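Order as written gives the chain letters A, B and C; numbering starts at 1 within each chain.
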């Protein structure tokens, strides 16, 4: 439990960093960076809880989430030149963020009694919708509509978690490791080998 | 009741088709098509229920809505070349969708005890906001801001329904036929004769 | 109380005027003007109440808010040529709107028992998010991302209100005057002297 809580705060921190950095090419002030960092960090989880009617929202109740975001925004502002140089580090942290938030979102939804199919969607929303709201507000094409596999990795991981949870006697901790690893592997492989799904191609 | 439920699932199916098809010119993968189909189908009703504080959301509670969406997305993907050719069929189905969802939204809002003026707005939101959210996410100018009469037709139909419901002894079934027909006629006439409302013209 | 209620309706009216006017360069019809006026007027307060789970929403419960919006939209449509000429009047009214809504939002959030840090964010959201939603829907860069100090003025005023409220024995009425004045002064000074915060500059 304590470990999960620390991971959740860490994920929030990372999303705040990535959200604030999204402003770096935009000739924007620090406040805008803080605003987008905040939206990115709380957007996905807030949307999940609003759709499920689960109140109070986590960050409204527990002030540590706000502090994680503030630290993340400050880190982004102070170190933004350095962070850029480490694109691979950035990718890794984002991937850790979405993988963990997906499974956390699935567990929260299941805990509120919704069906597994809906829980899988809620898990994916938790991971990706903060970035989608950020991109929509800043007039970018949302991250989920870009070429590489992103939300699909989250959805796949959510489904793996649910199958293992509901159809096998596997212990929760092993399930966490397997499903989170699946998301990380799918995401990193798709970036490395430039994999994308089939679609409406011209 | 059973008939209304079937129509509601059918409307959900159609909005999923139209939402998925919105991706066809965008060089996007099937997942993106599914995502926009999903948002279009559940967006308007979800926004209405969130604004009214009416939980649980319909699609969270009843899995048949998710299945309707999945079928709609698959149909859009498999038949997208054929559907394009039948632009008139597409327009007709969209019009059926918005007309029925408007009145359904009005009835739901009235059932939750809000005033008729608010119920009319909620009816219109149910019909058009899924498309608005879809267009906003994909960086298009939302459908309600385009030239032909669209949301205004829904609002007019909602007001007709409410006047007949509250001011006359007309039976509900007749009222449904009249108000839904009004929306369909206003919409189709405005498309056929390129009618638009007056406004801030240059 | 009666005075606050009148100010709230007046603020709603003004946001409706400003929202409807945002359509004037867009070759749009009166319905679109009404729609954006409505969204601008109710967006910030609705988002605050949805995030806090505070139901029913003010405008769903009290029809006078809808009437204030309708009057505002009609005023915008009828007088839009004249209003444009008075850019300074427009700026002043917008500034009065955001300053009052910020403090009103803070007080509402505090009344619902949230922590001061969260209440400050909710106050700022109440003031600026209606405009952000309006700008996002109409494909503009949201007002908070433009050069001059805007949301930062609201956040600063909210923090001043909370410090005076929680740390001093100052009476509420004096606090309202001080914190609202602070927002107005910061905003007007930043526009007059073209002040902006430091940031990611090229």
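As a working rule, a contact is a pair of C-beta atoms (placed from the backbone, for glycine too) under 8 Å apart; a residue touches a chain by one contact, two chains touch by 3 or more.
Everything quoted here is computed from the prediction, not taken from an experiment.
Which word fits how the chains touch one another: line, ring, star, complete or other?
Chain contacts: complete, every pair touches.
Same or different for subunit A and subunit B, when you check if over half of the residue numbers at their contact belong to both copies?
different
Any idea how many Å lie between the Cα centroids of subunit A and subunit B?
Here subunit A and subunit B have centroids separated by 30 Å.
What parts of subunit A, by residue number, touch at least two of the other chains?
50, 136, 139
Give every residue of subunit A touching subunit C within the complex, in rising order.
So the residues of subunit A touching subunit C come out as 23-33, 35, 38, 46, 50, 55-57, 59-60, 63, 66, 80, 136-139.
Please give the residue numbers of subunit C that touch subunit A in the complex, ascending.
50-53, 114-115, 117-118, 121, 132, 136, 139, 141-142, 144-145, 151-152, 155, 196-202
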